Each structure stands twice: as structure tokens, then as C-alpha cells.
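See the structures that follow.
Same chain, two partners: subunit A is paired with subunit B first, then with subunit C.
Right, the complex of A and B next:
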């Protein structure tokens, strides 16, 4: 990385009693990057974010903000702002006073504060609500007030704890785009904590998938989706079909003797001949083939049911082993009906080989 | 069940507290108000008119014409009453301010302590209630008198050469009132601090406010309802306090409770004492009404 990262975790660990909430995590986040910390609840993503804000001190390791060691810097001296999951709006202050809070604390002049507040009000589309108290706002308005307050100081790093968690589905999607838009416009780095993979995938430049205090994988959304490095990541992000079996290497082709048929997958370095491996295939990479097609990556089964999703349909197909495979196919294509026999096919390069 | 049954059920449920208030609050208050409009005489009872069942309705109406506001006019003419009211308000006010200064840090410390230990600390703050109030006030005599523990301790430490005269002064009364009413102030403040979302303090720190600024701008304003409730819970009974000034105060300690007691039992001027009580009630109802309106207005904000 050529630029100094805006936020760096260096081998940070944090224990709460006997459990390690964060365990030896290192991440570099670039200026202006939209970064997502993704994982189920209790994976340590919130603790990691609170370390960046200064609310938790790592037991080991360092936190650097814009190249400077901030491990022991108290929260009110860090050039970082956070949008809280509960929003934590000051209930006794109006929308405008909430937004102005950080500016007043910084000792800005009255005129500068007024100008910045009205700029933030415009940015967050809160016009006309300046004098309202938080309890007079809708969920979406509270969310935008919290965002405006966190952005007002203009720090280059914004932490967002489940920013869309409290919104309903429709509003959530709109707000995703709004957040992306605001982030692009301001050029600040956004670090979002979320348990929602769709949210992380659609907003972030890069995602860190966390599990039990550790990073499972860091990468661009497409990277993580197409090339998951572990079964955990493959299953956590999107839908996946897993075919397990004994693997043998034949040059650059790997053969897996799965229960439902023989699978051919691209081989790679470090795979042990004879080990039990799994082939992960996304539902949209599987298609229906002619019944008489034979060879590798052809699996026979019976269509169990179909879910119509508008532009595509999701089929669940019962395979020989009894497992249900998922197939996503464009609605426009001809497809078998439930109860009919079907042959599933996929290309070797659709298969990601993972440890079983 | 038809709705009438439900309404009747609710009505009878309400009848109990309202009946209680009518019997034990409104009726005695009406009696005091009635006596305050009477005239002091040397008789049994020591005022007239006294209504008797044998008078009949006509007799009652006849006697009711004897009511006068003479006792109230008397209060205005007696400088002792004015002085008593002012001195009571001053002593109760100073005591309440001092109690707030002691109670707030205490409540804050308990609210910020380990959640597992909070109920124990609250129990300790309330522990004095387990001993008789009278005994505790007597104990303060032993502490504050010239030959008391406090003077002994201060002289042993070499801080003073001669004993301080605290007992039998207004200072002793203030100390006694602050001590006795402290738990009533600690509890509401603790309650409002404990309810505060810790994320609000984190948000303030995150936005660049140091611990002191966070306290002044977030913690303190949000605990205002608790502070006001505690102050009123203490101030109102402290104004009419009788036992503490009687035991710890000196002959020059003038408080309205004592003045009324004197009129009742020494001067046997029941109408004057009753009028004094009614005026005190009116003086104190003001702040309560103000607080109630503030509470209902603030309800939405919580």
C-alpha cells in the first residue's frame, strides 16, 4: 500500500474473561475506502470497531490512525467519529444541537458551527427538522441525524456500527445507496460493522469476514463470493452447494469422488493427493443439462421444489445421496417441473476447492 | 361481561385510593381549614364556633356566620410568623443545596459502580432508616455538642484549640436535616443516572467532549428530573421540620414547625396555628405543581 493507511490494526487481541473477543487481528484500511467488518454476532467485529473508536483498549497489539499510534489515545482525542447502533442521539437536544455537539466541543466559532450544521442538514436531508427533538423523529430521520452528527467534524475516518440495522427493508436499501453516495462525495474512509452479508457485499470496497475473534478472509466482495477461502466463508456469504469426497490430482485437474458423482475441479498448489476435500459451487453456476449427458460434473436428481424470484427461479433438487442441491436459473429459460428428473451440470472452474 | 361491569370494577378499584385520600388527607385538611377560620377562646375545645349534632341545621348555619379570617390577619400582624416562614425556607433551602452537593456524587458513584454491587451500595445508603429517626438525631447531639465527638476529634488532631459551638445553632439544624433527608435525595438522582444510556457518554466522548464537558452537557442535564425530584422530596418536608430544630437547634432557631407547635400547645391558639399550616401548604403546593407539569411535559422526551 503506497498511501499511509487511515486505520491499522496490528496484531490486536482483546479478552473478556475467558473468551477472546478479538484474537490477533491485523487489518490495514486505506484512506477513502469503504470497508466492512462482517460476521455473526459475537464474532468480535464490534469489539474491533470499539478499539478503533477508543472505547476498548486492546490487551495486545496496536491501533494506528493515519500512521500514528492511537492505542492509548482516549476517545475524545481521536480523529475518528462513530455512528452508534442505537444512534445514541442526545435526547435533550434538538437535531441541530446534536449535529453541532462535536463542533462546539472542538471550539469552532458560532458562524462556522451554524454553516457546518446547515451543510450537514442538507447532506442528510433533514431540512425542516432542525428544531425537533430525537423522540419526534422517525427511525430513518434518527439514522440520518446520527450520520450527520458523526460526519459534522469532517474526520477522515467514520465508524458505523450496524448503520442500517434498525431500519425496515425498503428504507435499508435506499439508505445503502445514500451511504455509498455520501462516502464517495466526502472521500472519508467508512468502516461498517454488519452481520448482513448483502449489506456488506453491496456497499463495501473490501470485506473482512470474521469468525470467533479472527479474520477468516479479507477481500473485495466479488473475491470473497467467487473465491471463498474456507467453507465457513462460502457458507456465510450467499448460498453454496458443497460436494465432498476423496480427491486425486491429475495434473492441473482435481477429481473428487463425491457421493453424488464425480467432480472435476481446477487443482492448485498445496492440495494433498488423497485428502478429503469439498467442492463449493454457487447455485447460479449450475445449469440443467440434457438427461443423456455424461461425464464429470453431471449430477442426476429429481426437482424437489421451485421458488420464483422474479428474474430468476431457485430450484431445490434431491440428489442420489438425499442431499438437496440449489440451482438458480433465469426465469426465461426452460426448466423441469417439480417431481421431474433433472441432470445438473457445471463447469470445472465454477468449483472452488475447500478443505472439508 | 358487559362494559358496565368493567367500568364498575375500575371504579371500585379507584375508590380505594381516593377513599383513603379523602378520609386521611382531605378530611383532616378540611378540619384544619375550619379551625383556621375560627376564633380562639378559653374553653374546650379552645375555639369557636364548635359544631354539635344537637345544633341542627339552622344552628350550624347560624354558627357558620361566626367564621372569620381573623387568624390569617393575625399571621400578617405577627412578625414571628413571617420570620418563621423566611427562616424555614432559608434553612430548608440551604440544607437542600448541601444535600444535593453530597447526594449527587454519591448517586453518580453508585450508578457507575459494578452492576452487581449497586444494590448493596444503595442498601447501605438507605441503611440509616433501619434505626429510629429520633435516636439518630439524638446521636447528633453527642457528636456536635461542645464536649462531643467532633470537637474531641478536631482538638486531638490539633485543628482547633477551643471547642466549636455547633450544637444548639442553625448549623446543627442544617447538619441534622441534611443527614436525615440525604437518602431521599440520593435515590431519585441515582434512579435517573442509572437509567442513562452509557452510549450517550460514549457518543459525547467520540464527538470530542472530555469527561468534564460530557458531565456538564450530557450527564447532568439528563439527570435534572432526578435532581428536581430529590430536591422537592427533601425541601418540602424540611420546611415544616419540627423534631430536628427542636433537638439540635438553639433558642434562636426559628422554624415554622416549632412556631406552630408553640401556638398549639403553649398558647392554645389553634386557629392561629391552623392558619399557619394552611399558608405553609399553599406556599409548598406551588413548587409541587410546577414540578408535576414539568414531569408530564418531559415525559415524551424520555
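Right, the complex of A and C next:
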């Protein structure tokens, strides 16, 4: 028997006027899970989160929290807390009063509140800032105050709306690890809304990639990266090269007649012979081969430019069709210079076959 | 542009002189020793002293202040309710009608407002006096209060209320602990504005007052018809000072709100 999910969306839909912000979404989120809702702005991820918090009521479907139907439960009666994108710190209250707000609302005793607030202050490393007002805090301090306030009530489910969106790059990475650390220590389920794929990939146990109100794919980060189920997911997560062409099936092997050369990819069930398919290859799965190498998965081109990224370099190679392919190669390996001819090679199993 | 300097300064001086010279004159002559308003006979504060022994004038001032304070409280309360309805109830069907109805009294001639108030008090058989003035003032100053409070409400971050609810605060606690403190400076401004408007209203008070409830502007106006006395100047100067102080407090409150 599986654990009861801490949060469930059951065929949830929400319309704003003529557009469906969320369209028949079902997700189960396990207790203690770090879950990311990933997608571009306007894909419905925030609406979905607001339905979990109780700020939006789904037009159809149900929202269950810890197994209980919460669809019609008002926000203040839900065992859920949310960290807002703007932080929404109460400007007229000190850091300590902000953190204490939820505890006061719950009617905790004065001593219990004081103890819990100082515990949260320590957890969020806000020592010495307790008496400050929000406008006297830096961006990072505001973020940590908002987090401490959302965690203070100790709910088993925390919703975080673009938690790192307002931070600068360096702080963002640091805070990513802090969030993961805090989540592990508390054992609460975190649901993060983000448009930043790196953020989702590095923090989450599972990611739901959303597009136009629907779920495109749910899975572990590696799953989504290595085995995207659609072109949209492949292109949204990381860099990808796509080679399109007519496909023919030869036993276990699928041959795709792409403009830039013949590509061999592993076949799978349900592929129609003669259909136009796309083969997706990640840049780091492509290498430079000797010029005289022939056969499938060998594509000739000319190096267009190179971007140095420290540990690796990203090459853009102009292929026969005129398309630019991306190749990521470790900096230590020998590689052609811009303007030189190059032959790209990759293994059949580096290909993910997708509908074109 | 040094060539444009002179006309610019002249315009400025003339503009301010146009606005404030009569008022300055009134204040200066309130310190005149002479009983003749137009003849300067040296500095004196005797009219301020005699003012405080003019019981009728003092009584009227008291009535005016009471009317202003009470009607401003009512106006602020009602204005808050109206502002919430307009700002927070979404785009309900009669919203634009309601917006128009709230803002119309800002431009309706006071005489018409006063007359209609008089008619309704007569129709209802209400004895006119202190409370009818309060009601009349609360009616028209409420619109100004609603404008001020609505502007503040529109600028308020909705996510603060959501955050409060999310943290387990019900509607009452959310309002008392989060919305009200945010709104407080606007409430002070609205009250001040309503207070000042009530304090210097003559027209509506004239229509809605009854025996024994003569407000200060009414008293001044009726005395001036018999001739301007320096006492009136002194009273007016004090009134100016009171209004100026109220404006100052209102300005400080709104500056605090913006920071």
C-alpha cells in the first residue's frame, strides 16, 4: 500500500474567460517529496499552485490534501502554507512578528510562539534581524524571512512560488542548496513553481513540465532530460539537436532520412513505418569523429563558432542543410577550430525518437 | 535661459499674490489695533481677546468642530465601505453605476445637494439641528473619503491579504491585523479631508441647520452682512491655522504611507 499523497489534483480545470489556465490536470505528490511545476509563464503552473493554497477554486475536478477533499476549504483552514513570489511580508511588522503571525492565528501560547519563532530565526539564519522591518532587509534576508514565516506553522506541505526568482544569480545557487537542505531536515513536501529549468532540475525529486494548462510530462529530472516524451519537453529542458526525416523500421533499428545525413536510432513500439519523425540528441552526446568515418550517425559540417564554458566548450556546427548543430565537448579534448570542417558522430542510443 | 527668468519669477509672484494676498491681508488686519478694518493703527491682539468673550462666536465654533469631527468619522466609515465595494468586489454588474453614484456628489452643486437634504428632512419630519447638519456633511464628505481610501486600497498588495489567510488568519483577523494597519494613513487623510470640508461648509449647513445650531461659517457670514469686525478677522485667522494644521497632519500621514 502506497502512502496517501500529501497533495492530489484530480482532473482539475480552471478557466479565465475563454482561456483554460489549467486543463484536466492530475498529479499526486507524495509526503516529503520535492516537486517542481515547470513551464513558461502563462502555462498554468501558478494557477495550479493557487488552487492548492485555496486562492482559486477549480471549475472542475478536486484538490485533495492529505487524502481529504479540500476543494471548497477556504485558504485559512487548509493545512498548507505558501511562500509568495513577492514574499508578501507584512510591511508594518518586524521579522519576528511576521514569523509569529501564523502561530498567533493558530492561537498558540505566548511561550510556544516565542520558542518557535527563535527556532525559525535560527533555521533561516536571521539572528540579530528579529526587530527589523521588511524594508530594512536585503533581498536574501526577505526571502529567508518569507520562508521562515511559511514554515513556522510546521505544515507538511509548503508551496513556493518562484522562490528564487527575485535573487541574483550567485545567491540563487546558494539558496537552492539551502532550500534542499531545509526540506530534507523538515521532511515536509515542497512544491515549487518555477520557469527556470536549471532550478527545477537541481532541486526537485520530480518535475511536471506544463504547457498551455496541461501536463506534458512528469518524471525525475534525469528521466525528463534523457527521455523527453515530446519535442516540447526536449526543447524546453536543456539544449537539444533535432534531426527530422522519413523513418523506416528495420527490426530493432529505425532509420531516419534526415537532410543532414542518415540517422540510426533505436526503434520502439508504435512507430509507423514511413512517418516523419524527429531524432533528438543532446549536445554532450555528440563527439567529433575522423573525417573519413562513414556510416550512419555521421554528419559533416563546418565549425561556425565556439563558446568556452570552462570545463567544456560548446561548438555550433553548420550542417549541410544550413542548420546549426550544438556539440558540447570537454575542454581538454582536441577539437576543430572555427572555419574547419568537422564530422559529428553519436551513438544510436543517444537518440530519442519523437514525433516531428 | 536667463532671458526667461524675469517673466517666470513675475508669473510666480503674481500667481501666489493672487491666491494668498487677500488671506494675508485678513491675517494682518486681525492684529490691527483699530476697529476700522481698512485702517492700520498698530499691532494689537485685542481682537483675539475680545473674540474669546464673544460667546455666540465661540459657541458656533464649538458646534462646527463637533459637527466636523462626528461627520468625518461617519464619512470615513462609509467611505471605507464604499471603497471596499468598488475595489474588492470584482467587476460586479452595477459597478460602473455605483462608481458614478459615489463620485457624482463631488460635482453636484452644493445648493442642490443642500436643498435636497432639506426636502428629505422636511418630508421625514425630522427636526433640523445639530444632527441634521452632521448627516448632511457626512453625506457629501463621504464621497471624498471614498476617493482617498479607494486610491490607497488600489495600491495595496493583495498578496498581503492572501499571505495572512494562508497563515491561518480568518477574514476578521486579516482585516484587523493586515489590512487596517496598511489602510490607517489613508483613513487619517480621509478623516482630515472630511473634517476640513465640513468645517468650512456654509451652503449645506445653511439648508440643514435649525435653531441653536449655527455653525461658524454661518455665524461669520451673518455677522459680515452687518459689517466686518476685526473679531471676524481674528476668528478667520484661527480657522485658517486649524485648517493649515489639519492639512499638515494629513500631508505627513500620506508621506508616511508612501515610504
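Heads up, the rule we're going with is that the second predicted complex is superposed on the first by the 355 of 356 C-alpha atoms of A that agree within 3 Å, B and C clash if a C-alpha of one lies under 4 Å from a C-alpha of the other, contacts with A are read in each partner's own complex, and residues count from 1 in each chain.
Here, a contact is a pair of C-beta atoms (placed from the backbone, for glycine too) under 8 Å apart; a residue touches a chain by one contact, two chains touch by 3 or more.
The structure displayed is predicted, hence computed values, not measured ones.
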| field | Joint occupancy of subunit A by subunit B and subunit C, clash or fit | value | clash
| task | Name the contact category of A:82: first (subunit B only), second (subunit C only), both, or neither. | result | both
| said: For A:133, using the defined touch cut-off, is the partner it touches subunit B, subunit C, both, or neither? Pick first, second, both or neither. | reply: first
| Do subunit B and subunit C touch any of the same residues on subunit A, and if so, which? | 53-55, 74-77, 80-82, 84, 86, 88-92, 101-102, 105-106, 149-150, 153
| message | Under the definition above, what is the set of subunit B residues touching subunit A in their complex? | response | 197, 199-200, 202-211, 213-214, 217-218, 221-222, 300-302
| Complex interface listing, subunit C residues touching subunit A | 157, 159-160, 162-170, 173-174, 177-178, 181-182
| subunit C touches which residues of subunit A in the complex? | 53-55, 74-77, 80-82, 84, 86, 88-92, 101-102, 105-106, 149-150, 153
| query | Residues of subunit A touching subunit B in their complex? | reply | 53-55, 74-77, 80-82, 84, 86, 88-92, 101-102, 105-106, 133, 135-136, 149-150, 153
